[in-house]
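Chain naming follows the written order as A, B, C and D, and within any one chain the residues start at number 1.
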Amino acid sequence: MTALLFTVFAPLVGALLLALITPLRVAGWLNIVISALTFAASLALARVVATGGVVAGMSFRVDDFNVYLLVLTAFVALTTGIFSRPYMRYVCASGRITDRGMRLYHAMFQLFMFTMLLALSTDNLGVLWVAVEGATLATVLLVSLYRTPEAIEAAWKYFILCGVGIALALFGTVLLYFAAQHVLADPAEGLTWSALYGVASQLPPAIMGLAFVFLLVGYGTKVGLVPMHQWLPDAHSEGPTPMSAVLSGLLLNVALYAVVRLKMLVDGSLADTDSPHMAGYLLMGFGLVSFLVAGLFLHRQRDIKRMFSYSSIEHMGLMTFAFGLGGPLATFGALLHMLVHSLTKSAIFITVGHATHIAGTQSIDHIRGLIRTQPAVGWGLLLGVAAIAGFPPFGVFTSEFLLLTATMQTQPWFTVPLLVGLAVAFAGLFRHLHPMVYGAVPEGQLPVQANMLPVLIHLGLVLWLGLSIPGFLSHWLNRATELIVGVGLL
Amino acid sequence: MSPLWLAGLAVGLALMSALVALFSARVTHLLRTLSLPLFALAGLAALAAGLLTLVQGEVTTAQLPLGLPWLPWQVRLDALSGFFLCVIGVVSFAVGIYGSGYVRGLEHGRDSLPVLGGFTGLFLTGMLLVVLADDAFMFMVAWELMSLSSYFLVAFHHDQAANRRAAFLYLLMAHVGGLSILLGYGVLAAFGDGFAFDAMRAGELSFGWASVAFVLAFIGFGMKAGLVPLHVWLPEAHPVAPSHISALMSGVMLKVAVYGFIRFVFDLIGDIHWQWGVAVLVIGSISALMGVLYALMQQDIKRLLAYSSVENIGIIFIGLGLALLFLATGHKGLGVVAFVAALYHTINHALFKGLLFLGAGAVLHSAHERNLEQMGGLLRRMPWTGVFFLIGCLSISALPPFNGFVSEWLTFQAALQAWQLDSGVLRSLVPITAAVLALTGALAAACFVKVYGVAFLGQARSRHVRRARGVPLSMRAGQGVLALLCLLLGIFPTSVIALLDVVPLQVLGQGLSQATAHGWLWLTPISSETASYGAPLVAIILALILAAGLWLFGRGIRRVRRCDAWDCGFAPPTPAMQYTASAFAQPIRQLFGSLFYIEEGIKPQPDGRQRYQLQVVDRAWGLFYLPVARAVERAARQVVRLQSGNVRIYLGWSLATLLILLWIMA
Amino acid sequence: MNLEQLPLLQQLMIVLSAVVLLTSFVLLEQARLVAAIHAFAWQGVLVAMVTAVVATGSGLEHLFFSAALTLGLKALLIPWMLHRLVRRLELDRHKEPLHHPALVIMAGVALVIFSYWLVLPMIQEELMFTRNIVAVSLAVVLIGLLMMVVRQQAVAQVLGFMSMENGLFLAAVSATGGMPLVVELGVAFDVLVAMVLFGVFFFQISESIDSLDVDRMNRLTERTDEE
Amino acid sequence: MSLSSWGVALLQALLYLALAPLLAGWVRKVKAWLQNRRGASPLQPYRDLYKLFGKEARMAHTASPLFRAAPYIVFTATWLAASAIPFIATGLPTAAVADVIVIAGLLALARFFLALAGMDVGTAFGGMGASREMFVSALAEPAMLMAVFTLAMTAHSTNLSSVVDHQLLHGIILRPSYMFALTGLLLVALAETGRIPVDNPATHLELTMIHEAMILEYSGRHLALMEWAAQLKLLLYGSLLVNVFFPWGMARDIHPGALGIGLLLVVVKLALLGAVLAASETVLAKMRLFRVPAFLNLALLLALLGLLSHVILEV
């Protein structure tokens, strides 16, 4: 419990510290230290869960499903923090933001982490909602940090779209609460996930159906499902790069986590109606559409960060599809994909940050010859993209392998659009990547002081996952699978 | 020392060579002195493992603590794997030796040696693991590792945009092919519950699903093997890699694709249907013919060799198609003959295509030239390479007593047994294939007369070629090994077939014992009265008569007076007056003109002079690839309208989605 | 359900919610920003009143608190902030008529009917009469969203957003007698922060494109010039 | 396979060597008669060869060692190919050593080096000749193989002597496939041996020549070997035609009498064939190079028809 509390509230304290007192010099370091502490605490928490099972209380609940997401979030936060210290110093030095901006950045970074961890660890759907909304509020100022017209526009769109979406989600939550009123003994528990999950089968299907629609549209906006995705590329591309890394790597995961939790409830309530898999079909539909559309978007990109945010949409679509598909194999694959995608995508964004420094622009047409200029960055980008494109021996391949085969077993004909989508997306990524990494160096392009350690760690982990999934992790994922679909894989 | 242990050693050595290469950024000579020798050793170990497996003829399996939690990597070494280990090993060995001389030229360039060495090692690792894999997951991992690392090698000289384009095309098609293979395995796994190959063998498929799986596998492996019309990446990608890598890709990687196809279709899928045989036969014939015709049209020597790989892969698939046909119609013995013919051509092509690419590399290394039109007279400037290259040309043109002839002979023998088939359609289809094969052989001969005559004979057509000198010993040795093997496999086919007899025995359940029944002198695939080929005798007699002739006129050898060329009494010819490569191919180009897009004519050059220019474009582009690309572009252009930029429209989307979903739900 | 059997309080409640619906139509139509803000304030007042009535009716005292919260936040604080902003941005004379008012009204009405149709099954399986207020609140939410779609003025969009929040609040109150307190507080806090941030953005936007017309914010698009 | 059969095989090989110039001379002689000339004696080719062997060999400065080795290789390969074809007797080991595919292969080997030798000196004519030779053969070789495959499939063997045996056993059978194959093979033979209408052995007219263009630079014994090889090739195709399609009188066992009859008959048959050839050469005119494909496609078509009519009509 203490570990849990520490994990969740350390970032909050950190946010206050960074906002109020910290002198700017040490802010970056303090950021790292706090993230490190959070990560350590989350590890301890993970050990507790692994040994003692669920940790619950004070309307917190950490089970096998969210504990590994907690660890992942804390970890990515740590590595991103490590990356962002020199990066933001550089940005500050280049005069794009003021000292107030820096202070804001660090505070909001930790605040964002707090909301993420809170959303993941809470047991109360209302608090979950509050936390996700809080995440929007915490990041929206960071998106407009650079104060360029584009940045402000992106922030506005992000704010409006996600605000509306989240409002709809709240309506869904209200409906859920309403549905829970007359099945639960204590109405006050109407939003406690654990209590609801126990009585899922009694919840009135009609209301639950409506509720799920609102919740899906609401949280789906956050996940970046087409056609509610439009905020995502803007926000990712205009914010500072560390922000993009955590947005792509974490925020989307958390939103998807919420959707999956709710799907579990709805499946329970719809179980004995004439359309028991309604929720699953909805997810599959949204997932497939997002996956294909995002793949096509990749072909017409001019901005490197936008490109990779579309690739995030694509992968989110893939996971959504898999969760909708249901079944232990698909779910296992989706959970694994969550993991590897977060690691890989944040690594890519970190590399992209360096790349944009080298070239001094985000425009794909002006980033050239990275490998010759700075092999570390060039190869980091190349390998990262190879990994995200699903090439073994990287882990993304493993999860995609599982997803494809699961689809093959249950819905063979869906494999065709999946394959087409994969091929299209792949072509879209590499046609832009090639000229950026290869080729001759434009004159006057010089290497920058880059810290590729996080990238190295992330890609190393992804490689490890691709070659062999360590026992404890597969155990975790398996128990999470049991939690979600009832039956495990192993 | 079990063969599996040796194979593991080979993998380990390959990884070590990759690892060592990483340090060659500081110590440049490390690649030459340590990494590539390790690579050669890995090849040797693989060769030993393969030979041992073939000799012992028993299956060994193992498990690795890698892979999925419920499916650790399964490793299995049977005769088929053993045979392909030999193929991989022998070429890798030669390449390892050759490379240590070849990379010397790169040491002072700005291309990074660690990339070259590292991915070369990984490339070999991938190929070895593919052959060893016994479950679909490990197979796919190894397969894609092979593709990915070879892609990095193709992109090694990434300064020219053309090379980048080639690499992109290669990776894209490799990816698509990989996905299709994955799906094929998915079908098998769905029926045989499980990704271990044993589970798949157990699975029972209906004809429909089996055909789906077959088509997927055929597309996937055919794309890697370079079957028409999936070949377009091959002539782009193979030439731009460093030459010893081209040798590996054309010589070995394509064979790994053949291995995959054999493993999938002959071993895993279960019952074979004759329709597949017809499909493979037709595609194989088309590939063979188109491959050699396009090869004839090329002026870039490495491109030419790449296209001729398409041709030879076509010949291999003709053999496999015949095998499928015969097996499906119950003529097992004949199926085995065709199967063995395909295997024999597989190793032959590995040997002589490797040899030829190494030779082209030697030329590139010392003359810095890939364009045939600039070459000439290299035989006298680099005699060793010249002789080895000649042997390669003779072998690939299927001329006795070299190895290429043996496999083609076997294929013909199999095709000539078509009269045993019951269906008249098939009976008349097979002879046409034989005709195509004959035509292909003749055209291949023409093609390599052109290559050798233009490149190595006559007079140098450019200054830098005139300055070409011999290449270092290691490079000569690398070529020598392969050249020698080409000759040996041509002279002693009986022993070779006796060695790989165990492969059909394990895969198809029947050997080819009758082929070697009449002693090592006589090769009698079906029966001694049907057909026989005394390869050693032919070689001996040829040698004898030659010796006799030389002895007879031996005294005359001193009595040759040098003079100007007579040339019907015209003025002594200058290099510019020689027949060029494109001129040589002109009659054939005119005859088959309808098969290509040909753009030729006199075009003004930047330097103001008029010059004849010839462009022969692959028709497959316009037919299959550009339409797809355009379709994707069009779809993308439609889709981006979603991102109109107006927040109100975005909100409208959300509202619409919400309403529609609510309507569906209620 | 026939009205005359209901006690007076509940009749009052139904009347009030009807008026809430009316106000959101007013919001939808209102061209002048200041007037719209007033309409929004009134909507807040009405929602607070509904809450209070429900509280007295059902005796859930924590509803009194949330009624007060609503009044303070939605009826006083936020309208006041908007007023200040509008004045400081010199938008108090700003008029922005709709392009096709009739069409928009029709759409609003359609949404009302749609949401009633949606809520029917709930109403049938429930006896508590406040259920059909859920329909109203859903309509308010959807109309708010519609307003954000049709209004190109940033402030107007924020008004739409806020009236969506009102609808949510109304729903929470009428359907379930209020959410748990922690959630209520969280929501209120989020709304407040959101409002503050909106204020910040108004200035940022108006200084970046010296106008608050969201249609002029279309730099970030994938469309290239040829389309 | 007894020693005696090897002996006969050797004898047969030597016969090929000995009779090759004679056939060439005979054809010329008949041609001369048909053109109302007395013409040189049929033995003239022997005299030419003798003279050439006596002469000193010259080589261009630009010629490589391959240029010198080529004549020997060409000659050897052609001779070996020839001696694998039953001439006076069947059941000889040479036929087992090299079946018909190997024969084609050996001829291809000879052609390969001939063409290379043509390109070696680096004159325009040599290259032209080589290019055209490979062009012609690219079409002629498959046609020849197809034609022979027809027989092979009938006899279920690619071993020529068993093909011939099969013929002798079954006597005269009217087979459409044979008709096609024979015609096809005739056309191929004309093309491969460089006769009118494809090529003209008796000309140095630059633009029409193929074979002559390649051996233009040769002199002395090298030229002699090349010429001799050409004559061998002519005889080879001749005996292929007459012995495979009309094998009557060939010795089926090693016995002096039988061998004598076989020799006598084969000589007669070849003489007739030579006469026919000479006649055709007198009446036909040389084709333009790009009419040659049509000619050879006809051959290929005929051979293929033969094969198809075999599998369709006769099995």
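Just so we're on the same page, a contact is a pair of C-beta atoms (placed from the backbone, for glycine too) under 8 Å apart; a residue touches a chain by one contact, two chains touch by 3 or more.
The shown structure was predicted, so the numbers you read here are calculated from the model rather than taken from an experiment.
Enquirer: Hopping along touching chains only, can you work out the least number of steps from subunit C to subunit D?
Expert: When the steps are counted carefully, the minimum from subunit C to subunit D is 2.
Enquirer: Nearest chain to the global Cα centroid?
Expert: That would be B.
Enquirer: Counting C-beta pairs in contact, which chain pair has more, A-B or B-C?
Expert: A-B
Enquirer: How many angstrom lie between the centres of subunit A and subunit B, each centre taken as the mean Cα position?
Expert: 44
Enquirer: With chain centres defined as C-alpha means, what is the inter-centre distance between subunit B and subunit C in Å?
Expert: Once rounded, the distance between the two centres reads 70 Å.
Enquirer: Could you state the distance in Å from the CA-based centre of subunit A to that of subunit C?
Expert: 31
Enquirer: Based only on mean CA positions, could you tell me how far subunit B sits from subunit D in angstrom?
Expert: Computed from C-alpha means, the inter-chain centre distance equals 36 Å.
Enquirer: So which bits of subunit C are touching at least two other chains?
Expert: If we look for residues of subunit C contacting two or more partner chains, we find 118, 121, 145, 148, 157, 214, 217-220, 222, 224.
Enquirer: Do you know which subunit A residues sit against two or more other chains?
Expert: 156-157, 160, 164, 168, 206, 210, 233, 297, 300 - these are the residues of subunit A that touch more than one other chain.
Enquirer: List, in ascending order, every residue of subunit D touching at least 2 other chains.
Expert: None at all.
Enquirer: Which chains are in touch, pair by pair?
Expert: Touch list across chains, by label: A-B, A-C, B-C, B-D.
Enquirer: Along subunit A, where are the residues that touch subunit C in the complex?
Expert: Result: residues 59, 124, 126-127, 129-130, 133-134, 137, 140-141, 144, 147-150, 152-157, 159-160, 163-164, 167-168, 170-171, 174-175, 177-178, 181, 187-188, 190-191, 204, 206-207, 210, 233-234, 237-238, 297, 300-302, 306 of subunit A touch subunit C.
Enquirer: Within the complex, which stretch of subunit C touches subunit A?
Expert: Residues in contact with subunit A: 118, 121-122, 125, 134, 138, 141, 145, 148, 154, 157, 161, 164-165, 167-168, 171-172, 175-176, 179-180, 182-183, 186-187, 189-190, 193-194, 197-198, 200-201, 204-205, 208-209, 214, 217-220, 222, 224.
Enquirer: Please output the residues of subunit D touching subunit B within their complex, sorted ascending.
Expert: That would be residues 56-66, 68, 72-73, 75-77, 79-80, 96-99, 101-102, 105-106, 108-109, 111-112, 115-116, 118-128, 130-132, 134-135, 137-142, 145-146, 149, 152-153, 156-159, 162, 204, 206, 216-217, 221, 225, 289-290, 293, 300, 304, 307-308, 311-312, 315 of subunit D.
Enquirer: Going by the contact rule at the top, pick out the subunit B residues touching subunit A in the complex.
Expert: These residues of subunit B touch subunit A: 65-70, 110, 112, 137, 140-141, 144-145, 147-148, 155, 158-159, 161, 164, 167-168, 171-172, 175-176, 179-180, 182-183, 186-187, 189-190, 195, 632-633, 635-637, 639-640, 642-643, 647, 650-651, 653-654, 657-658, 661-662, 665-666.
Enquirer: Can you list the residues on subunit C that touch subunit B in the complex?
Expert: Within the complex, subunit C touches subunit B at residues 114, 117-118, 121, 142, 145-146, 148-152, 157, 214-215, 217-224, 227.
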